[in-house]
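Below, each structure is written out as C-alpha cells.
One chain, subunit A, appears in both complexes that follow, with subunit B as partner in the first and subunit C in the second.
And then the complex of A and B:
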C-alpha cells in the first residue's frame, strides 16, 4: 500500500487515526515488555548474589572457556568463571556506579540551573556560556582526560561522568525556573514577604523535582555507558571488579580464539536495560507532558 | 548572504577564542591537581635508579619549578607558536605524532560519514515510505537497539563474525603484520570493518530523524498537491518531501561532532587503527599530558568547526534564511 491514493481529507484523517491507534498499541506492548525486562533484571541484580551457589570470582581452570550449556547457561570465561553470574554482578557494579554518577550530575546540574535561572542577568549568561563550553569538549575525551590524570578507580569514574553529564539537567532546570518565575504564586509569595531562598526552596524545588528525577533516570544509561566505555579502554574500574566494561575488555582477548560468549552477554546486559529505561522514560514523558510527544527522543 | 556568513563566522570566532582559552586553563588546572609526578612518569622504571639531582635537573629543564601562572603562560605561548611540546610516552614531538596519525583518522572518519549519510538516508526514506510495515519495524528497531549498544561491543561482534568466523577481513591494524610498506589495497581491506562499524554506530539518530521528519512532511499540503498534480511517487518523495524534510538535519549533523569523536576513539581502539583518537587512549594510559592536552584541544576545535559548518550550511541551504537573513 502506498500513501499515493490518500487524497480525500476524510480518508486521510481516518488513515491517520488508524495509524495512531496502531502505533499506540505497539508502544503499549513495548512498554510492558520494557517494564518486565527491567523488573527481571532488577530482581536478578538484587537476589542472585544472595542465592548463588557459585562464587563469581571463583577461578576454575579445569572448566575454562566452556561454551554455553546446562551447567553454565552463558558459558565460562578463559579463567573458568561463570559468565552468567559475572554478568549479573557486573550489572550490579555498573548500575551502582551509574546511579551514583547520575545523582551527582543531576545535583550539579540542578544547582547550576537554579543559580542561572534565579539570578538571571550576567550570572545567567556566564553560566550558560560555561554549559556551552563543557558541551564543546567531547564527553568521552574529557572523561578520559580526568581519569588519566587521577588514578583510575570508582571515584575517578564517578567524577568524570558527573563533570561531563550535568549540562542537560542544568538546561532543563534553568528553563523550568524561567517559566516558574512568571507564575502568579511566585508573585504572591514575593508580596507575602518571602525571600529568594524561601522561594527557591519552597516554591521552585517541588515543581522542579519531577523534571530533575526524569533527567536523572535518563542519565543512568548514559552514565553506565560512560563507565563501560572507560572500563573497556582500561581507564575505568579496577580490572578485578566484574563491571560490564571490564568483562567486554576481558572477552576481547578470547574473542580471537573464537569464544564469543564472554563478550556477547555483558554487551546484551548493557543494551537491554538501556533500551528498557529509555522506552519507559519516553512513556512517562508522553504521559506527563503531551507537548513533548516525540518518537525521536531516545 | 556573504555578509551574513561573514558576520556569523566572525561571531563564532569571537566565541571560540575565550572558549579555547578556558579549555586550556581547565586542562592545565586539572594537570596541576593531578597526583602524578610528570618527571617520575617520564622516567618510568628508571625513576628508582635515577639520582634525585638528575630528576631535579629534568624538573628545572621543563620549568616545573616555576610559579604556576608562569608555567601556564609559557605553555600557552608555545601552543600559540605551534610548539605542542614532546609526548612523554612516545618520546617524540606531539606535532609529529599528530601529523603522522591525523590523516588516518580523517580518512576513516570521512569515509564513515559518507557511508553513514548515504545509508541512513536510504533506510530512513524506506522506513517512512513503508510506514508501519515489517520493513519499517526492522529499520526502527535496529536503530533503537543500535543507539543503546556500546560501539566497542558492536565492533567486537563484527570482528568475531567477519574476521574470526568467516575470515573475510582482517581484525584490525592498518596493514598486515608482515607488510613492510603501506599499500593502498591492504589499507582498504583493513579499513572496511572500522569504517562500517563507525558509520553504523553513528547512523541510528539520523535514520530515526529522516523517518520522523519525512513522515511529518508527507502529510503537508504541498506533498498532497504534488501528488494531485499526478507526479510520480518517486518524484514526490525524493524531490518534494525529502528536500524539505532534510533541512533541519544539516544543523544536527554539525552538532554531532562530539559523538563522532567519541565513536572514533572507541572504534579506533577496538580495531587498533593508528589514528589520533586511539592515541588519546594511549596517552591517557601513560598520563602523557602534552599529547592528551593537544588532542583534547584538537577535538574541541573540531566541535567548533562542526557547529560553524552547521550554521553555514543552513544559510546556504535554506532560501528563507538566505533571502531574509539570519533571524
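And then the complex of A and C:
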C-alpha cells in the first residue's frame, strides 16, 4: 500500500513524459517527412526540366495508353506522352500558379481585414459589406468574368483566383484584429506613445502572420482547383502547357476507356505537396507562437 | 493637476461611472478605494486618455482633453502612465522584457540605456530582460511594467490595482520604487485598490482618499454614495 502510493505518482509522471516525448517524435517525424517530400518535389520541379532527355509534349502514338511499366513508371496518355514527365511539368506550372495566387489573395485579404479591423466604424461596415458582396457572387462565374477581361494565360488565372479568394483571409484577419485591439497591451502601447501604424506593424502583424500563412497555405489547393476549372472551360492555361488541371481533364477521356493512370497520378500530385505544405505550416505556427512553444517544451 | 470633471462612463446601457469628479495633484498620492465592479478601472482608463467618457471632461495641467487614444497627441499621452492590474495581459507576449521596457523610448527615438537602468533598479537582471513574458513570473513582469511606465518620466502615474496579484515583498518593492520616483520627480500618483489597508499605508498624512459606492450596482443605480476623506 505504502509503496503503491509512493511509486504510482512517479510512474504516472514518467508515463506522461514518455507520452509527450512520443507525441513530439511523431510530430517531428511527420514534419521531417513533409519537408523531405516537399524538397524532393521542389528539386524535381526545378531540375528535371533541365536534365530530361524526353520532351514532355512529344506525341508518340506508337506507345499511346501504355500502363505503368519500367519504361514509363506512370504510363503514357492517349497521345503517348510520358505521364511522369508531364506530372513534373504540370506540378511546376500548377504550384507556381497556386502559390502566386494564394499569396495575392492572402495579401489582398490581409490589407482589407487590417483596414476594417483597425479603422472600425463606418469603414469596417462598408468593407465587410464589400466582402459579403464578393462572397455572394459564385467564385467561378466571377473568375470567368475576370479572365474574360484579360487574354487567357497564367496572369489571368492568378488575378482571377486572387480576386475571388481573398475574403476568407480578410475575415480571419479582421476578427483577429478585433480581439487584439481590445487587449490591454495595446492600451499600454498607446499610452506609451505608439501611433496606429506602429501598433499595426509591431503588435498586430506578428500576431497575424501565422494565421495569414495558414490561410494562404490552405488557399493553394483552392487555387489549383480553380485553375483546373478554368482550364477545363478553355479559359485557363493553354492546353499545350501541362498543368495538373489540364492533365486531369485530359485523363478523364482515357478514364472512359478504363485507363486510370493519366488522371490518377496528377491527382495524387495535387494531394502530396498540399499535405506537405500544410504540415510544415502547422509546425511553423507551433514554433512562432511562444505560448504553444512553451507547452511543447514541457 | 490631472482632473476628471463630471465624468460618466456607460457600457451599453449600464452606467459604470455617473458624474464622477476627481483630481490628482502633482507631487502627491491620491487614493481611490472601492469594491470590484464600481468603475475604478474605467476611471483609470479615462484618466489615461484611453477611454472617452460619455459625458464630462478631463484636463491635464489645465488643458482640456479633446482627443482620445491614439488620436491624442503622443506628448500628452506619455505624460500619464498607467500600470495595469494584470501584467500578463499588459505586455505583448512576443516581446522580450527589454523590448517591453524600451518600447516607449523607441517610439520617442530616445537612447535606450534608460530602459536598462530602470530595469536594473527594479531588480531585473540582464538575463531576465532577454526572456519573454511566459518565461517569467507575474511579479517580475509587473516590475518590467513599472519600469516601462517610468521610462518617459510621466508627470502622472495611475496604478490600477497594481499589486493585487503579487506577494507582499514585491508589493513593497513596487510601492517603494513609485514613492521614490514621486519624490524625485514631483509626479502625481493615483493609487487605486480595493485594499484599503494598502491605501492607508501608501497615502501619507494629508493625502486624499476617495471611496467609490456600492459594489456592482444594477443598471441605472450606480452613484457614488461613498465619501471622500482626508487623512490626518
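Note that the second predicted complex is superposed on the first by the 187 of 298 C-alpha atoms of A that agree within 3 Å, B and C clash if a C-alpha of one lies under 4 Å from a C-alpha of the other, contacts with A are read in each partner's own complex, and residues count from 1 in each chain.
In the analysis below, a residue touches a chain if its C-beta (ideal position, glycine included) is under 8 Å from a C-beta of that chain, and two chains touch if they have at least 3 such contacts.
Only a predicted model underlies this, so the values are computations on that prediction, with no experimental measurement involved.
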Touched partner set for A:144, first subunit B, second subunit C, both or neither: first
Superposed model, subunit A: greater residue contact from subunit B or subunit C: B
Contacts of A:182 with subunit B and subunit C, given as first, second, both or neither: neither
Touching partner for A:206 - first (subunit B), second (subunit C), both, neither: second
Contacts of A:191 with subunit B and subunit C, given as first, second, both or neither: second
First, second, both or neither for A:274, with subunit B first and subunit C second: first
Partner chain in contact with A:248 - subunit B first, subunit C second, else both or neither: first
Subunit A positions touched by subunit B in one structure and by subunit C in the second: 294
Residues on subunit B engaged by subunit A in the complex (per definition of touch): 19, 22-23, 27, 30-31, 33-36, 129, 131-132, 144-145, 147-150, 152-154, 156-157, 159-160, 164-165, 171, 205, 208-209, 212, 218-219, 224, 227-228, 233, 236, 257-259, 261-262, 265-266, 269-270, 280-281, 283-285, 287, 289, 292, 295-296, 299-300, 303-304
Subunit C-facing residues of subunit A, complex: 183-185, 187-196, 198-199, 202-203, 206-207, 290-291, 294
Residues on subunit C engaged by subunit A in the complex (per definition of touch): 45, 48-50, 69-70, 74-75, 77-78, 80-82, 84, 86, 89-94, 103-104, 107-108, 132, 134-135, 145, 148, 151-152
Contact footprint of subunit B on subunit A as seen in their complex: 2-4, 7, 12, 16, 19, 22-23, 132-133, 135-142, 144-151, 221, 225, 228-229, 232-235, 248, 251-252, 255-256, 258, 260, 263-264, 266-267, 270-271, 274-275, 278, 294-296, 298
